[in-house]
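Structures given as structure tokens follow.
Both complexes shown next keep chain A, but they swap its partner, so chain B is in the first and chain C is in the second.
After this line comes the complex of A and B, so read on.
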């Protein structure tokens, strides 16, 4: 376990250095500037009576930007090592392919979470500057979103060993942004009973639910905090789902011809 | 413990709806301790496939490979191997120092031990003045030196090098030869592929020649020196005819 932690730490440090030098964080900063500029316009015209709208815009921007960044960062972790052939000196080390996959997932997750926290801190600061309250549910939103990014990174890393980078990023974007739609679509037939109902419920359970981790709408409409049991259950679902995705990726990666 | 033992190795590349390509065919050989063995063959002869098989990157269709009496791909066996890949590419966003630090940490090294080892190696391969330059700003030869340093990082007992002097200038090639001789005198086994016959001749104890996936010759360099006019002519005659000219002459 200690050895695996040491391997993951080595990957994370190198990954963060790469991210800094690739100027990925510049993207976050540009997006941040856009958010500030948008907010300034609201400030210019006045925000009275627009609290819900501004919370909605801020949280939607944070959600969309962090999701796209996560998919882009996680989607390149393994394919880029293979494309530039740096995977060979890595695999020549006394480490297993599972440890490589785990290290890459943690690198992507931590980088994405850092980007998300930068965006979220800025969003919170802007709302505070306008005197718009968010309530304690905002902190639950932060926590669950981070779990969601772990889950999304795992899905993207796992699928990246099955398909080309372009196909992977497209599929992951559809699954991430479409997960809310899948849920609603399935619920249309929720009244069904018997075999049809069972199949639809099974499908509902099977489809990836990134939307479960997004409490943005609840923050927008100033809901009270949700129960600790629900938060913990969702966190457990996210972590379990992450390892399931990594298992899916490992099934292919352990025997992949590189 | 035998550093490398290959028995009846077959490596095939599967293709959808078509016959698989057989890159390596019934290959058997052995490399002993502190030996320097050159692996020769024309492009597409099966050298890189064999090396990928030795490193466990490529699944074996049949046959067996043992590294220090352990099955290929074994994590413990890999801790004794230093590997230089055919293409010396390392993360363009890291420096040579950071690249070696990553590989050292993956090898289980850390702290001052690792730092001193990296500094010594960068000095040994002649790029200590570029230790903090990004890899993308280094020339091909310099990247090859980074590659050699990463291969030597864990003080391996076996060095497997694919096209080891690729991109190096004449001074770099001579330094590399000296480095390999020093490694051998420390008991390290060296197995490398190369297209540079003079390098092979000056460095190796033994050569293996592979042609269309099959081993067609296995000779010591001292044996060849007494029997052929030049190793280069011998090699070219062999790959053109597909048989060892010395066997033909004896027949």
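After this line comes the complex of A and C, so read on.
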């Protein structure tokens, strides 16, 4: 266990440095500032009642950019090791493939969560500067989003061993941003009973529910905090889902010819 | 301060440059020449589609804003047949909810178990029967943006002006100026001069200008209406014109326009009432 943690730590440090070197985070930070400040500037053109609108833009920017960053970061973890052939020295060491996959997932997760927290801190600071309050639900939003990023990183890392990087990133973007939309399709067949109803519920359960980890809309409209049981059960669902995705990835990676 | 002024200048300059750089793409399809440009230049059509799409998106978003982020949808035929109670307003906000329900199903209708409970907890959701609305003023920026994006989006101006007034009854001047901008951008509209005339008549007491715009609305109504929204405004144009003349004691003019109106709307009570009581001094009632 200690050895696994040491391996993961080494991966995480390397991953963080790589992310800083690539400057992806700086780009999204600048874009977020531009979007939020742009929304705020409408106030100078005589538009009133902008509080909800600015919160909406801020939370949307944080949600969209953190999701894109996570997929980009997680999607390159394994394929780049293979493309650069740096995976061979790794495999020559006493490191199992499971440890590599776990390390890559943790690297992607921690890097994405750090990026998300920086984005959220910036968004919060901008809102404070504009005198726009956010309720205590914001802290639940931070917590659940981090669990969601763990889940999203796991899915992206797992699918990266099945697909080419471009295909993986495209599919993951569709699954992440579409999760709130295409689960609606199953809901449209409401009122079904018997085998059809059970099949639809099964299908609904199988579909990714990344949108469940996003309390952004509730923060925007200043809803009260949600129950602790919901937060804990969703956290358990997210972590369990992450390991399920890692298991899916490992099924392929353990015997893949590199 | 200097930086802010520089940013402001940059915004204005970029807006000016966009208009100079792509004048054809910024044209509105309100006359034959412009329509021909739309047919010949695909880019113009694309920009038009974008503007239209953006304003429609903001229109839908305004509905979400007053429901605290909760999305609504039309009820399916199966839901209607099952007698499922739809959404209804529980406060004094005038919001059309006929045949609507929430996108996220109610717990009693949901077979998803814990997944449904999670969704109801993490997304904005409340039972739709007799629900309350958030302050209308929160939607103001959306109406401003949708009419900036698409100055031909008549419902944006009409409902936006209502929101401006409903959010604060002291905003009469702002409502009138918003409608004036809409009338200027949509000279062939029926709904906008009607609303503008009505606002001038009922809120500002300016009967002269109100008469001018209500007559313009009736004149515009001689041409086929562009859509259902415009079509629904024709009866209002006649009604307010008749009411205006009645208020001013110009019974003959009220009767003249009521006679024209009754030919198009034989069941309208306000117009019919004016004809029935022609020659009498008819006071305006609460129902008028």
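Here is the rule we go by: the second predicted complex is superposed on the first by the 242 of 258 C-alpha atoms of A that agree within 3 Å, B and C clash if a C-alpha of one lies under 4 Å from a C-alpha of the other, contacts with A are read in each partner's own complex, and residues count from 1 in each chain.
Just so we're on the same page, contacts are C-beta pairs under 8 Å (C-beta built on N, C-alpha and C of every residue); 3 or more make two chains touch, one makes a residue touch a chain.
On a predicted model such as this, the values are computed, not experimentally measured, just so you know.
Asker: Determine, under the contact definition given at the top, whether A:10 touches first (chain B), second (chain C), both, or neither.
Answerer: first
Asker: Just to be sure I read the superposition right, which of the two partners does A:215 touch: chain B = first, chain C = second, or both, or neither?
Answerer: second
Asker: Once chain A of both complexes is superposed, is A:134 in touch with chain B (first), chain C (second), both, or neither?
Answerer: In the superposed model, A:134 contacts neither chain B nor chain C.
Asker: Report for A:52: first if it touches chain B alone, second if chain C alone, otherwise both or neither.
Answerer: So A:52 only meets chain C here.
Asker: So, does A:161 touch the first partner chain B, the second partner chain C, both, or neither?
Answerer: After superposing on A, A:161 lies clear of both chain B and chain C.
Asker: Chain B or chain C: which reaches more residues on chain A?
Answerer: After superposition, C is the partner touching more of chain A.
Asker: What is the contact status of A:93 with respect to chain B (first) and chain C (second): first, second, both, or neither?
Answerer: first
Asker: Pick one for A:106: touches chain B only (first), chain C only (second), both, or neither.
Answerer: A:106: touches no partner chain.
Asker: What part of chain C is in contact with chain A in the complex they form?
Answerer: 4, 7-8, 11, 65, 68-69, 76, 78-79, 82, 103, 105, 109, 111-115, 117-119, 121-124, 134, 137-142, 144-145, 167
Asker: Under the touch definition given earlier, write down the residues of chain A that touch chain B in their complex.
Answerer: Residues 3, 6-7, 9-11, 13-14, 17-18, 21-22, 84-86, 88-96, 255, 257-258 of chain A touch chain B in their complex.
Asker: Residues of chain B touching chain A in their complex?
Answerer: Chain B residues touching chain A: 13, 55-59, 75-76, 78-79, 81-83, 85, 87, 89-94, 98, 101-103, 105-108, 110, 134, 147, 150.
Asker: Inside the complex, what are the residues of chain A that reach chain C?
Answerer: Touching chain C: residues 41-42, 44, 47-53, 144, 184, 187-188, 190-191, 197, 201, 204-205, 209, 211-215, 217-218, 220-221, 223, 226-227, 230, 233-234, 237 of chain A.
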